[in-house]
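Heads up, the thing below is written out as structure tokens.
All chains are identified by letter, namely A, B, C and D, in their written order; residue positions are counted from 1 within each chain.
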């Protein structure tokens, strides 16, 4: 084993170690503190965990690309809400009325198209104006949210379609529909980032934008494509979730960006870009969902949940840093 | 070669930046199969010419011809498509990616569906690496390579396309002699294939060794082209700086005083072990060794940036513990670091503020920074070091590479240190300024400073140092006095074949 | 079912941290549950997030509780989750604000205030006062609503705006802006209203927190004679009424709310007959009758 | 003036120009907009956000972010209101400042000395401090019992020389911190650390200490904002500061500071704060829905930052291919 391999291994595995720790903790604590007779690690509960990870998880995959690319997207929560509105509202449009359930795929496509377009708009602004993505998407987070409210005022937008609900609630090979989407997206994005030229260029641009420009990579369109991907995935997440719930509040998806970024960072993606792994992001998503689920399993109250989630985030960051320190002789900067 | 048409020609190029006329009517032509040197002082406009050609900047006036055709270079991509390749002065690599991915950055071989063709990629890379005789392989992460090896990766890029013209901007600034030899072979190869080569360097010996013609810029203006075989260093220098240079070494006109700094048995993990040396007031101590020998790490330890794992540091006979640069500065140690962009300068700050940064706490009028005092310090060192800038308000990032380096040197000289450590002080510095800096270092020593010079250029250490510490692989192999040292025994020592028989 | 042993009741609340009504509700709920040794509870908070609430519903179903009480974050989005509980034979009691009609089939009972009536009553309180003052034909009112998107906010606003023209057809509502259930936000909104309109006779706020924010703005601007009416009487509102600065509100106790919900759940589990819409009473409270009510503890 | 000079004038003053355009636009739309009472009112209600933005400006220039200021402000407000009735205002104020500074010191320690990423640390603290506040208050609103008789109301409601005290605090603090940032060695170090932390370390600057101090200043400003807030309404909900962190960031960005660190000034932040305040107020006066404000803020942020960097680089469109 080369020197450093152990710490690399530990680092890569840190998130999975953390997940195991959570599982052990909640299983034991659950024995004493939970009302439920079912164990925390009950198979059904774990399947639910995967399903419940889907809304954040699907977006997190897109965020990983964007962050590896050296950008960030704070507007995903708003895109999620807009796409949801389009999804539910379009099914009630008179032109699709005659189609019955045939309107469903059209509604899906419309929602996905809108999400992709909003992502494209972010990407285009980042590309053409050269304004930092953090600022562009911070603005869009407000602006897109404004659009959400403009669409239907403060009213929720609802359309409960039981066919859709049944589809969303279905289980195939034991896994829920949402889980399938999450797994498919994870696999697809993993493939994109590791096997394709686009993916490798994303790493290169995030690592050293100037070098990429000098090497003739078309950085602008490349970034725009990534913003379109995350827009698409935010919409897909909405499609998956709202197919089941059938109603969207104008403030739905608020703070999603924070949860998503948290998951991605827990998974070890560098905030400055250039490094990150899809599989670890998946781990990050599970870790967060597990934490939420576990805390409610043992009956922690609101203030404790807030406190614990905040501190754990910091603790994991700290641990990650400790694992990364090479030794005492490291340069002190 | 006279009746051939040029591979690439510039005509009447003008490029201005706010307050600076960086290129003022520059014209020259590169023939296929020639090595064409571009020379000039720091800030003369060499890198800017290159960036104009590469589509990174658009010229305000003038025309670029590729072959006979007037051409607009829209972007680096465009330039590349037209067969023009650039090896930039500043390393331009993605550290997290592999060597192969960096070499083929922007043009990874593809299979169907945009998939990376890894097999082809590695095969091609291996072929290039073989040519370059390097020790790393295609899959190594670039961030794990030494600076010199990273430079080799950069150079490897020139070999990936069928280039019409290749530009090298100071490629040897951080290469060892062995690697230079390889580089020159590569250049000769390209030359044979009829590629036009533009070679930017401040090192005369290289220029005269490998180039066919020399074009000279001064203050953004074209000063003429010379045939290398028909000219000499003196003429080129004169054209570059408008006067003759005195290259003689100022002899020691003073007594060497007592020991200012002493290091005993100093070790730092695997980086270096059991290092002993001392430096006296009035003396220039050189550190010479191959890249990776651990010299920089010793300097960083002395400057409080690394904690030693064993050994002690003594100043004026007293053992001292230095935990931070602030400690080091308080004890009168200054360090001119080797990486000016990363470690030396705050690029977005102006020249004055950069120069006075380490002493900003001491330059006070009441609770405020005494800006008048700062300006006068800046003016003093601008004159002393001949820094070319429109004024102290200029953002340092807009200065040419060499002038940036001078700001860093000025920054630490103005601290009046008792021990001055300079790490690769003349990397990227033009001949005129280089000899000025050498003289300055000698002069400082004669004023009673203890000076440590770390350099990878043998002529430089031989020229400025009174004694030379030869390092190999983290150990001191031998310490030479200037009487003992010869090129041969120095090379032996730094290759691990110690002059006095200690094998490594 | 026969429930001689302990009953396990799960509750998922909307957003506990957001105001003291919800906090007091949670405390009262836990206290009421602890007072009854036949009951064990799992108390969850959705933090205002629909997705989290649905996940909590799924968790509660998976934990096989005997009944679920839900304070919906969105009255429609939770319907499929409620259906799931229904299909798992777990009775669901909706509390505080109801779910949409499409879900009524899956719900055992709703227990809570009638927000539309509350809004209407606030309109009546205001109108009556205007009549006392003799300005019922010219009065201008501004309306500060709760957090956009929340059922409670929407229903109260609807109740108020539908009822006011019925009782006082000549009173005009000149402007409406949300105060997000937030006193500070509401103060800012009111400041702008005060600049914009020289003549404001009444302010209706979706709850007393916002009402008091608006009152503070009016006091700071030195504008007097404005009639403030709110809803969900908070301690601050009660105090302002004592000082004679705030006219009236709707008395709604989170303790009643919580106890009613728990009792409804127990009744359902015990197989008793419960009305489907189990409203608890939320009377009008004004400076005139406030002596009949104790000061709220929240 | 040459074209270039116009360009650089626009670059430096662009935000002021945008500000002027806005003021004129709103005045045309509603004549009361420039009413002295309204202007005072806007500045006064911007003071709380403004005071917080002053501190965060230091943090941002030093190259970090602070997303915890909103929930920290809720904490300060709740604490000082609670202590007011328990130990009296004279003791409550210093006690609250001490507690808030402890939080700031904790964040400063994590980001400065342990070198943890500030985005994530302050995100974590956003949640953790909210939990802390809820634990402290038990989730209840906090109100002062005797609202009429306390001198505590002076910070939020008082006047001096005809000017509301919050405005005096805001502008006074802005002047003080502005001078500190632009004229003192500490200010210089903040810029250096944000511009290039490694180079700052190599220059003998104790980077960790500088970052630590920036967070301390930030928490000091938050405590001051909490004081004004508490004094203004003499009672509060637990969520009073929620979401302000983003408004603070928006104001600082509008002022033209780079989130990468190393640039920005207090003066520009003040302008940014005022722009946000006047937009909010202006739209309310014009009678537009609150969500129009979101869209307007979006457009303005992007235009302001775009024009700013476009003027700096001398061309409108980004040079990236």
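We take it that a residue touches a chain if its C-beta (ideal position, glycine included) is under 8 Å from a C-beta of that chain, and two chains touch if they have at least 3 such contacts.
All figures in this text were calculated on a predicted structure; none of them were measured in a lab.
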item: Farthest-lying chain, centroid of Cα atoms versus that of subunit A; value: B
item: Selected pair, greater C-beta contact count between C-D and A-C; value: A-C
item: Separation of subunit C from subunit D, taking each centre as the mean of its C-alpha atoms, in whole Å; value: 33
item: Whole-Å gap between the CA centroids of subunit B and subunit C; value: 71
item: Centre distance in Å when subunit A and subunit B are each reduced to the mean of their C-alpha atoms; value: 44
item: Contacts with two or more other chains, residues of subunit D listed in rising order; value: 130, 134, 139, 198, 201-202, 289-291, 321
item: In subunit A, residues with contacts to at least two other chains; value: 149, 213, 218, 302-303, 305-306, 332-333
item: Touching two or more other chains - residues of subunit C; value: 16-17, 26, 148, 178
item: Pairwise touch network: line, ring, star, complete, or other; value: other
item: Which pairs of chains touch, using the document's own definition; value: A-B, A-C, A-D, B-D, C-D
item: Complex interface listing, subunit B residues touching subunit D; value: 18, 74-77, 303, 305, 324-326, 328-329, 335, 337, 342-349, 353, 357-358, 360-361, 363-364, 367-369, 411
item: Subunit B - residues contacting subunit A, complex; value: 54, 56, 75-77, 79-81, 86, 88, 92-97, 101-102, 105-108, 110, 113-116, 157, 268-269, 271, 297, 300, 304-309, 324
item: Contacting residues of subunit A [partner subunit B, same complex]; value: 195-198, 200-201, 203-204, 207-208, 210-218, 274-275, 327-333
item: Sites on subunit A touched by subunit D in the complex; value: 125, 127-132, 134-136, 138-150, 213, 218-220, 258, 261-262, 265, 271, 302-314, 317-318, 321, 332-333
item: For the subunit D and subunit B complex, residues of the former touching the latter; value: 4, 8, 179, 183-185, 188-189, 191-192, 195-196, 198-206, 262-263, 314, 321
